[in-house]
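Think of it as A, B, C and D in the order they're written, each chain with its own count starting at 1.
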Amino acid sequence: MNENGLTTTRRTILKGAAAGAAVSFIPTRFAIGQAAKLKIGLMLPFSGTFASPGVNIAEAFKLRIAENGGKVGGRDVEYIQVDDESAPPKAKDNAAKLITKDKVDVLIGTVHSGVAEAMAAVAREEGTLTICPNAGAGKITGEMCAPNIFRSSFSNWQPAYPCGKVMINDGLKKAVMMSWNYPAGHEATGGFKENFVANGGTVVKEIFLDFPKVEFQAYLTEIASIKPDGVFVFFAGAGALKFIQDYAAAGLQGKIPLYGSGFITDGVLKQAGAAADGIKSTLHYADALDNAMNKKFRPAFKAVANKDADVYAVQGYDAGTMLIKGMDAVKGDIKATKALYAAIAGATIESPRGNFTLGKNHNPVQDIYLRIAKGGEETVLGIAHKALADPGKGCSM
Amino acid sequence: MDTSYLLIQTLNGLQYGFLLFLVASGLTLIFGIMGIINLAHGSFFMIGAYLCYWLAEKTGSLWLAILLGVPISVLVGLVVERFGIVFLYKRDHLYQVLLTYGLILIFNELRAILWGNDVQSVKIPAFLAASIPLTETQAYPIYRLFISFVCLLLAAGLYVVIQRTKLGMTIRAGAANREMVQALGLDINRLFAIVFALGAALAAFAGMVNAPVSSVYPGMGEEILIVSFVVVVIGGLGSIKGAFLGAMMIGMADTFGSVLLPTGSGTVVYAVMALVLLWRPQGLFGRAI
Amino acid sequence: MPALSRPVIALLLLAIAGAALFPLTAETYYLKLMTKIMVLGLFAMSLDFLVGFAGLVSMGHAAFFGVAGYGLAWFANKAGIGALEVSLPAALAITALVALAIGWLSIRTTGVYFIMITLALAQMLFYFFKDQRYWGGTDGMNVFKKPKLAFGDWVLLDLSNRYVLYYTCLALLVLAFLLLLTLLRSPFGRVVVGIKENEGRMRALGYDVARYKLAAFVIAGTLAGLAGYLEVVRSAFINPSHLSWHESGTVLVMVLLGGMGTLWGPVVGALALVMLEDSISSLWDHWLLLMGGFVIAVVLFLPDGIAGLIRSLGRRAPKSEAADD
Amino acid sequence: MTEIVLETRALSRHFGALMAVDDVSIGFEKGEVHAVIGPNGAGKTTLINLLSGELLPSSGSIHFKGQDITRLPANAISHLGIGRSYQKTNIFPRFTVFENCWLGAQSRLPSSFRFFRPASRYDAVRARTERALELCGLSQRAHATAAAMSYGEQRQLEIGMMLATEPELLLLDEPLAGMGAEEAHKVVELIQRLAKDHTIILIEHDMDAVFAVAQRLTVMVNGRVLESGTVEKVRTSKAVQEAYLGEDEAEGEAA
């Protein structure tokens, strides 16, 4: 490729920045009250390890808006998507791109806690309405809580807390806790332990291994030698699937009952098959929940995304509901923030997981269900905890 | 640490070591003979695992999946060599690192397009699914023994090929002095293509045979790549013997490291490498640079 | 030595002038984007000093970028010290020590071993920060308190103001460029470049080669630390993945794309890569496929990078006569 | 009896089974030109690499002015005032001739860890560089790029770079290798000029050149010293004739 074969003029490369500035000069259309389109920024992982939840959230959110006639507060909607690749170093810039360059009115995101915290920091600074459809990091509705930040999913503490009482009810007094050594792992096991100990249980051993290591063999052997009454774990995705298979392969299935936050089986139940039999888990959703919303939602989601709905899809769907409730209340005027935020915070959200409200820290106050896995299927045993609120440690709202 | 506990840990260490050897042997061969650092070698491990899941799904049998999967991965290796690696032979290592870095991005996205991003699992065949009870509560899965056995077999086979066959001789000669082999009129391109395809197939096979245990998920390629680099560096670039010893050392170090030091065990593997290189900068069996 | 021919000098002055005037016209987003490009440009330039001039291909340069970032995070969040004149020198000093340790171990090897050992040692640091809850583990840390340079209550530099930050980054980038240029023209620079050209002969001529390579490694590492410090000031966030080998790979792409052995080339590489990623990442879900193809295309068709392209276009101008005597 | 400046005692170096240098003990006189000759593979270049510190001996020792320098690395030996040139041209191809010699000259600074003052301002180094260019006859070619020069000129540059380090003792490894007669003549003249105030150890095949400059000779075969001494003594030595001229002529004395 010799130089005269190229048409690049000498200056274009170095002047790229100035040209970039010119692009942003397109005069933003004068926003006439409700007529302008509502710009919704979807900052979700479309590549990398969490791509599957990312896609489910996006599809379910759009489904909810479509079910509402494609309108929010009477305004048409325009989606702007950014693939955050679950890469924390890019989090701040992706959020800034959506908020300052694309000037989105609402930010929906994301899955990975590290990325979500960075995103929430930008949203707090810029004051953009943000709904987090998954990342369970306590901080987002704790120290970093803000009037414009809401969550439609859970805090890591929330699904795990009721499991403490569930084990006590099953007559199990000595438990081993195990998870990855990362914030979500500590928050979840912390929730379980708080409830378990409060009801007279004792945690005989806490095992944390490096994220995302999956060589569980060594620890299962240790658990076998300790012979606790029961085991509580917090794992998700590939790690969860492997743990279930190793637990069974190590001959512990059936000998030492296994409990977990719902993510131990969610999304991997079919792949795990019989190895997951008997696992009891607590989560704010279950595929088999029989309520009208869930019966309507699951086939609708399947039709749109041609894959089964899961807890991530429900959380994306409910984020849509929260936005619609708020914007309808202020008739589409995104500037009326006080009324908008109050409307969302005070709303009762009809969701496939059952109705829920939002706590002071804008985290769902919701029922946590007890489920058991049997032959690749999941049955709901009942409600482990009615309308459980996240304590929102450090939130002064 | 009673005996059965120790036995299980050793077996785990060996099994992880054998697996690492399959991936590392290809990596060290490709470097030793072709002088190429292949950052995308981990992707072959991932492709193998996904091929195994996909074919097992289609044929319903792990054996058929592996039987069909290996030739496909050899083909993938040949294609990558002819359309990418061939440009790198005379280029220095910086360009090799960057080109194969680009390949990783491409392989990750092709996987996402072909097989999606969900976590998949591969059934262990019935007669291997049981576990050998060691004590009242401790048992060791037979399939893991099967993996170690198969990997050992392959390692022995590789040793025989390298030491005893004509191809093996040309490979060893190529590792010692690439220019001389070329000067002797041997078709160096054919040798490079075979070596690269062999390396790719070894890594893919490791992915396939391990898939039922590790399950199949995005990003699995990159995890094993870094550890395989450590194994190759410890063993000495270009040396199969070194790769085997390095793999065993790292297999044990990682297994016992994560038991004795649950948090922070990630650094044990690298500490071992730093110690070896302090003692012998060119690795255990590497040629002095 | 970096042959700065007349047309290249003119272009550089033009670029600096353009960058200086840019904030007057730009919107916040592009102002912040240019700040990011300048920080990454400084990071890539520090790697070019190592790869392009000293011939040390490091695949773990992001370790220093991250360590200095965590240094600032420690001062801001844990020690509550916002004084720039304390946290910056301290963060750079820590980074220099880490660079000395990693350098000492890596310089003992050459070629491929050097690439792999730098990669592995950087991964070791990545695991250190990922596995320690003190440092925020996999979530990393938000850093809200931005450093200020103040004497008494007279605030000289308040980096929380984005214009001040922009011009500080521009000034530091230009200063770093001049520093490296001076270094390369000093006796030390002559030795470093000589070692890349023919290490064996340099040893025979009486140079203790290892000490010069280590010095070059520490200088490049500390400059990368400065870039890492500024990145955390800019984005108010630090995470273990800032040290991952993906970041080291990306910055290596910037050096090659920009043009090795030119110092100013990698800054253009940073600009090009950021603008490219900014534009194609929203085109298609699988945009990384395009990025992979692009990286391969650069390796195959543009080995001398954009700088090489510009210099060859400028060849009609008088051949670089910035000789030595 | 002039003073021994460099001495090897039972110096050996083997590569696996090959005894490249085997039990060599030679004393090099100060101010003399001492040529080391012998067939290819006799261990001459290995000896030079041992003396210059590029190779560590398997056994034996090397002494320079009474100081044991056996274990010293190449850069330390260079600072003692021992310079060497290479049989296979070993220069800085992309640098100019001036820059090549400059690096030799600059190595004599107490330390090159000077970061801020431009190198070009070090006048002492410039002077040393220009002198070296003078000596090796490349003053006019100062700004030529080394790689673009003729083979002969590159050989001159080899010597020029070494001279820039102002060594006291020169280790010349086949300086005339591959040179035409006219160029060789110029180099022989150069060696004669240098011999006035340097000690020179010369490895060379061109016997005319050897006899033109050398006072002492050592003949090496298969890593061992066959004969060593004045040119006269070595010329008349039976062992040398036997080795060089083959069996028939020295039939009588077969042991």
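Criterion: contacts are C-beta pairs under 8 Å (C-beta built on N, C-alpha and C of every residue); 3 or more make two chains touch, one makes a residue touch a chain.
Only a predicted model underlies this, so the values are computations on that prediction, with no experimental measurement involved.
Taking A-C and C-D together, the pair of chains sharing more C-beta contacts is A-C. Relative to chain D, the chain whose mean Cα position lies farthest away is A.
With each centre defined as the average position of its C-alpha atoms, the distance from chain A to chain D rounds to 74 Å. With centres set at the average Cα position, the gap from chain A to chain C is 35 Å. Separating the CA-averaged centres of chain B and chain D is a span of 49 Å.
The mean-CA centres of chain C and chain D are about 44 angstrom from one another, to the nearest whole unit.
For chain B, residues that reach two or more other chains under the stated contact definition are 108-109, 112, 263-264, 266. Contact of a single residue of chain C with at least two other chains is seen at positions 127, 130-131, 286, 288.
The list of touching chain pairs reads A-B, A-C, B-C, C-D. Across the interface of their complex, chain A is touched by residues 11, 14-15, 18-19, 22, 25-30, 32-34, 36-37, 127, 130-131, 133, 136-140, 142, 144, 235-237, 239-242, 246-247, 268, 271-272, 275, 278, 281-282, 285-288, 301-302, 306, 309-310, 312-315 of chain C.
Contact residues of chain D toward chain C in the complex are 52, 54, 73-75, 78-79, 84, 86, 90-96, 98-99, 102-104, 106-109, 112-120, 122, 125-126, 143, 161, 165.
Chain C makes touch with chain B in their complex at residues 51, 57, 59, 105, 108-113, 115-117, 119-121, 123-124, 127-128, 130-132, 245, 249, 252-253, 256, 260, 286, 288-289, 291-296, 298-300, 303.
Within the complex, the chain A residues that touch chain C are 1, 3, 6, 8, 10, 13-18, 20-21, 24, 46-47, 80-83, 85, 87-89, 91-93, 96-97, 100-101, 113-114, 117-118, 121, 137, 144, 181-183, 186, 210-211. Note for the complex: chain B touches chain C at residues 31, 37, 39, 84, 87, 91, 93-95, 97-99, 101-106, 108-110, 112-113, 226, 229-230, 232-233, 237, 263-264, 266-267, 270-271, 273-274, 277-278, 281-283, 286, 289.
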